[in-house]
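In the two complexes that follow, chain A is the common piece, with chain B as its partner first and chain C second.
Moving on to the complex of A and B:
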């Protein structure tokens, strides 16, 4: 089933142009640093791609701030670096505008009430692996990921870090196949993001009681409440067609952590 | 349902492609360019910094050298002094090298001397060793000799003892001998007496017989007038020699021998020879002559050898004589003096 490489490839190649800017309060010296432009993968995480950015801006700030915890904000909103970049972008840009994406890098005044200190790659890796295992528990009761060896986990992680599509999917393919005779996953791992950046998670089954595959429209119906109606979802920067089956979406549109990340569009009634 | 599937899928793909076109393709070139430019800026900045530093360095060097002539003068002076110092040092280095060579030579010499000394020392040690060995040998021989000496002394003592005992014996024997000789002499004398008596008696008998015979004969031939005159002539001599002489005359044995040939002849003195005399002990003849000398002649051999001339007389020597030992000569002279010479050293002793 999970062999539609065209879709996988397009999803994998999704990138966002980012314009990194320094915080003017932190810069020392007369010269303001030039903006740093970078193409970042939608599927990656901020700490994994900002090594060069940090190195570039370190030259322009005072010495005592250089060892500080770095964090990013976009137009005043602190960015949660444990969300995939694509999710962050989609949340902040409901409309297709504002390209390139302006991000300000900060070396001081870490907003501890809003963000986790999440800059080291080891933390990102453990978060990624825990998400992966959670998704596998939902899909296969955790059988597949438990059967994997440490080197397979490493291969998944390094494939993501180094942007190696084949390396990643060689292992990830096993996670994206239903086990045994079943056609579908047990549940669909999916997170629904609100506009304020929070998300909720529900137990979603890919098939209904009659054994038919459920589509996105069925899901939206489930999520609708009397007060507001879910009218659509955005993921990977595009609106998803309502007829798309949940199982297919999970297999093809999931982020590397095996979750579907949906930005919900609601309409108040 | 199956016809729917391509629909949602193609819509999704289109939208994704649209998204990529919008978000990725438009910006990729710009961003890459930007990155490259940033890198370039970095590089140029570094280059600029390096160049400015270099420039600054050059300028400071230039300013320092061009700015102060006094400093230059000072530096030149310093340079001059340094050069002088350098030459001085070179000179000293040469001296030191010479010194080193000299010292090396010295060391070599010393080494040679040392070696010689060592060699001589070794030699001396060898000599010492040999001497020690010799000393030891000599010591041992000395010991031996001492032993021998003691032995000999012992022997000597024993021999002395023996000798004294033997001498004692000898003396005893000699005494004995003397006594025996005395006795023998006594006996001999007795014998001689006896023999004499016997002889006498025999002779008496004989002479008696002869007298009887003669008397008988005389009676027979008293008329013959040829008496023998000899017997009364000879009667004053010893009876035995008388008889012997008579017997010899009778038997014709007695013959007077006259010297007929000259055995030896020599010229003794310048002038007359007044005196000659035989030495009583050797074949020595002393002659005295008118030439005031006494001469000694050895005639023991067939040729004559003059033994010396004894001078001192003031006139011709009339007579010479030896003493009984033959060691002195007495000569008388016409100068009214007698002189004595010794034969051995031919000196005048007395006058």
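Moving on to the complex of A and C:
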């Protein structure tokens, strides 16, 4: 439906203003570099949007650090570069405040105990494709993604990298349709994030035993325990309405990796 | 605590506090064909699976919901990679995939620069920070998680 395609467009165009800063300990010379401001896509990944940032700050740091492994932190929290930028932002800003988002770039002291090295575009690409495959295993037992050709996979990736909505959706459309006579996916690919940035995955069915479509409220009910109630989820910077069907959410609010990424809101009872 | 506590409980507690991590053979595992995958560092989370409340152990027979439960994984070799003598392992469900990769790497005595790839059900490569529990919940079959390992990329 036309209206729903509009939702895909709005999600695709979501951006976050970021203020990149240098690590003062790494700067040589008297003058601190000025901050670097950038609008970045919520759906993208840090290594895909920070070429210019890296190039700019390289001029201000000592030669021996210039080839170092780059990483980012926000207010002391190292940022996982294989999480979509929108997920990172939502996790760290439960109140959606503090714009522009201040991020510090580092060229040394990579925190190997916390972060994995996903700093190259190739590694992010293989991670992205793996997520997409896993999502298709959940939705269609992997039948759709494995029936695709290599060029289709490339088109998905390049559509994301180059911010080409039509190019991406020409292929992704096939991944977002139930197969055969089905009205729904087999399972909904979704990751539920805790405040600390870890996440939980479960098998989530889009319909109940009676064959009716399940909603977000049904899901929150399932995720609640006697001591802790799941009261809502945030994604793409918005709190999602409880009566939204899970199947609709999967088709329209998934990130390009085909997963729904939900920041959970819990209340202790 | 309770006056009725039994001798085995105390002896296990003593071992787990000060004993060598290798002397863990007394642990009674439900699945005898699954060896427990562990490293010396992980002694702290090895709580002896002994309950002093009978109703709990019978009421919670499924066990899969338990916090400290282990998940059974099956490791299959693919391509020109050495076969592991022991394929079935019980792994703490909170462990990340990177931990299993390190374990297999070490077990096979691969050179440090040799790469190792791990796949779930011959379909996708899980992220190194993905935990075993999430994969088991979504992709486990017949009570176990089937993983394939190889030295070159196999399923993308």
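Note that in this section the second predicted complex is superposed on the first by the 266 of 269 C-alpha atoms of A that agree within 3 Å, B and C clash if a C-alpha of one lies under 4 Å from a C-alpha of the other, contacts with A are read in each partner's own complex, and residues count from 1 in each chain.
By our rule, contacts are C-beta pairs under 8 Å (C-beta built on N, C-alpha and C of every residue); 3 or more make two chains touch, one makes a residue touch a chain.
In this text, all values refer to a predicted model and were calculated from it rather than measured experimentally.
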| item | value |
| --- | --- |
| Between chain B and chain C, more extensive residue contact with chain A | B |
| First (chain B), second (chain C), both or neither touched by A:202 | second |
| Touching partner for A:116 - first (chain B), second (chain C), both, neither | second |
| First (chain B), second (chain C), both or neither touched by A:99 | first |
| Touching partner for A:137 - first (chain B), second (chain C), both, neither | second |
| Partner chain in contact with A:129 - chain B first, chain C second, else both or neither | second |
| First, second, both or neither for A:82, with chain B first and chain C second | second |
| First (chain B), second (chain C), both or neither touched by A:237 | first |
| Set of chain A residues, in rising order, touched by both chain B and chain C | none |
| Footprint of chain A on chain B - complex, ascending | 4, 7-9, 11-13, 15-20, 22-24, 26-28, 30-32, 34-35, 38, 41 |
| Chain B partner contacts - residues on chain A that touch it in the complex | 4, 6-7, 10-11, 13-17, 34, 36-39, 56, 96, 99-100, 236-244 |
| Footprint of chain A on chain C - complex, ascending | 98, 120-121, 123-129, 131, 133-135, 137-139, 155-156 |
| Chain A residues touching chain C - in the complex, by the definition given at the top | 80, 82, 116, 126-127, 129-131, 133-134, 137-138, 142, 153, 187, 198-203 |
